[in-house]
């Protein structure tokens, strides 16, 4: 007779003789028991291992650094999870790396929590984890802690990922929206709206096709080069949800300045322009996942532009505007025909319109 | 596409604006009656570049804004049915009904889907035979043929689960209502280029003559708008009242006759309520009785609903060019794009929304 | 009510007894109904509104308009230089 010990958990009953091979995620994978361990070994540890994770604790321990620590957390929910140019894995690592890097810190460590829908194919999970590992390697961050939970079918849309990243800000750097000052130059590192349109096309709901790719990418190395050339940079931010317009409004409000843009200087790909014209969208409100807003004193703007354009992710960098004193807290757009308009925050989701 | 891109050329636009500046000698009130033109004027900042003698007012040219409250409430009632997939253009999603909007119906679990084209709604009906698919068919003459195509497509595919809730309106009766009002200040008109792409402009000379109001059929690029204004101002300065075509690359006098035949086959004129304005006789279209099976109002037997409009909202006066949004006590305070009291604040082409977004200064 | 954009006809076909076309808006393509433009040809431009073609966009008319505007400039410049 074989006696098999049954370990009770608070997450529901587990099968006393669990099947060792599954093609899809089942509830048992989130139980914390043997199945979870097998999933971790088979998928996560296979691609994301390092000495810190290798210690095998519920925590990751890292040496401290002098100075201020920058921390950023983000939860990633996207449909579809695989899109032209990337996937939710690349997005989750890049997004958090970028949010830490815009403080001036070198992102060093990252954590990842996965909430997976029952029935999710393990092969897809593997693809996403490989993508995360590649992006982590590219950006130079180490994953030092992770968690996996499984939700019943229908309670989660395939896969949600939360990532938290951190690094230390060198003492001499003071970067933040509040530092934008009158006379500063506003630079964007490349074309706007690529990610927004690529994902919208991939969703298929609006029936249009394009070869646009998402611009999703970790920007920390480009930021390092930039800060060497322009160490007195005042503001760095990536214009994600809400687009350039919303992000610049946040900065104008933080710094109580006005930001004035030149519309004919703003780089937008023709495909993005075409999709926006057709749907009635404004590219300045579309999400970007691999672009950087740089607000820098005029004296360092030339150096900043050079540094960006030298980097593969910044070839289309452009000077798009200036910071002024008034009208405070506002973003203004100078149109190509010489008029102007207020550029407000995104009120709510952009929808295709007929008017 | 290069030649068409020239209509965005800043140099040409500035040159024509200079001419308008030199030409104008009087104060003139010019109305455009197309939400798309309101948007374009604001978007390019054109209103700032015109001489102060030219006052541009924005008429009831946004079908979203003028869809009657009763119909919005009917849409909400139908959308709340458990077995209905309610499809709509994005513009209508946040238009306030008496107590809520389609967005909140969706948030409460209603199956509300935004579509780019009415034909996408027909696809949904094909793919979901067990559901009733309803399309909110709003629009002026520009959109009427597209809306009708959905009925034609559904009919060709013998679909029994598709219907449209119509709020189709016509521009000429609205022009009569504005120009014929005792409070009218409008002296010149920019006609809506894409309405005319479908209908031509053969209906307009009699209106121009009756009210002695010159008109220019106008497009949407900066050069089109400035040219339309130029032609209208030139006529005003000369005292003529003809209908000129400033958009000949798209619009012809007779228009799209095949589309007009279709409209005539499927639709008949009817009286329509215009939100904020009231009833304008024969200003709308409804499906002819032989196509009643596609009429959602008949299919769903929605009872007459007690409507409740905001007492503060002055959208009606704004739509007739009698007041400007900043003359409304709620503008920018109680009434904003995130909390609209009336339809003109919701649609991005609604006058109030356009002023809020583009005109809002400290 | 007028969000209409120019698009080039790439292909014409029938679908569910409707005359349809694949339209190129400049790197973005989409299907649209050209039922009411029986003479439209591949390579021509149309104005598309809500997935429906309203009319053909005439390159010739566009050029004429631009030429007329240019001439207007020329006349005014000449008049200006003749004065004083």
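We just call them A, B and C in the order they show up, numbering each chain from 1.
One rule holds for everything that comes next: contacts are C-beta pairs under 8 Å (C-beta built on N, C-alpha and C of every residue); 3 or more make two chains touch, one makes a residue touch a chain.
As the structure is a prediction and not an experimental result, all values here were calculated from the model.
Taking the mean of each chain's C-alpha atoms as its centre, the chain lying closest to the overall protein C-alpha centroid is B.
Across the two candidate interfaces, A-B and A-C, the one carrying more C-beta contacts is A-B. Computed from the mean C-alpha positions, the centre of chain B lies at a distance of 21 Å from the centre of chain C. Per-chain Cα centroids separate chain A from chain C by 39 Å. Looking at chain A, one finds that residues 207-208, 280, 353-355 touch two or more other chains.
Annotation for chain B: residues 35-36, 62-63, 89, 116-117, 120, 139, 142-143 touch two or more other chains.
Counting partner chains per residue, chain C shows two or more touched chains at residues 1-3, 26, 49-51.
By the touch criterion given at the top, residues 1-4, 6, 8, 16-18, 26, 32-33, 35-38, 45, 47, 49-52, 54-55, 57-59, 61-66, 69, 72-73, 76 of chain C touch chain B in their complex. Put simply, chain C touches chain A in their complex at residues 1-3, 5, 7, 25-31, 48-51.
On chain B, the positions that touch chain C within their shared complex are 1, 3-4, 6-7, 12, 15-16, 19, 34-37, 61-63, 89, 116-120, 139-140, 142-143, 145-146, 149, 152-153, 156-157, 192-195, 197-198, 220, 223, 227, 248-252, 255-256, 258-259, 262. Residues 197, 201, 207-212, 269-271, 273-275, 277-278, 280, 353-355 of chain A are the ones touching chain C in the complex. Those residues of chain B whose C-beta lies close enough to touch chain A in the complex are 8, 10, 13-14, 17, 35-36, 39, 42-49, 62-64, 89-91, 93-94, 114-117, 120, 138-139, 142-143, 222, 336-338, 347-349, 356-362.
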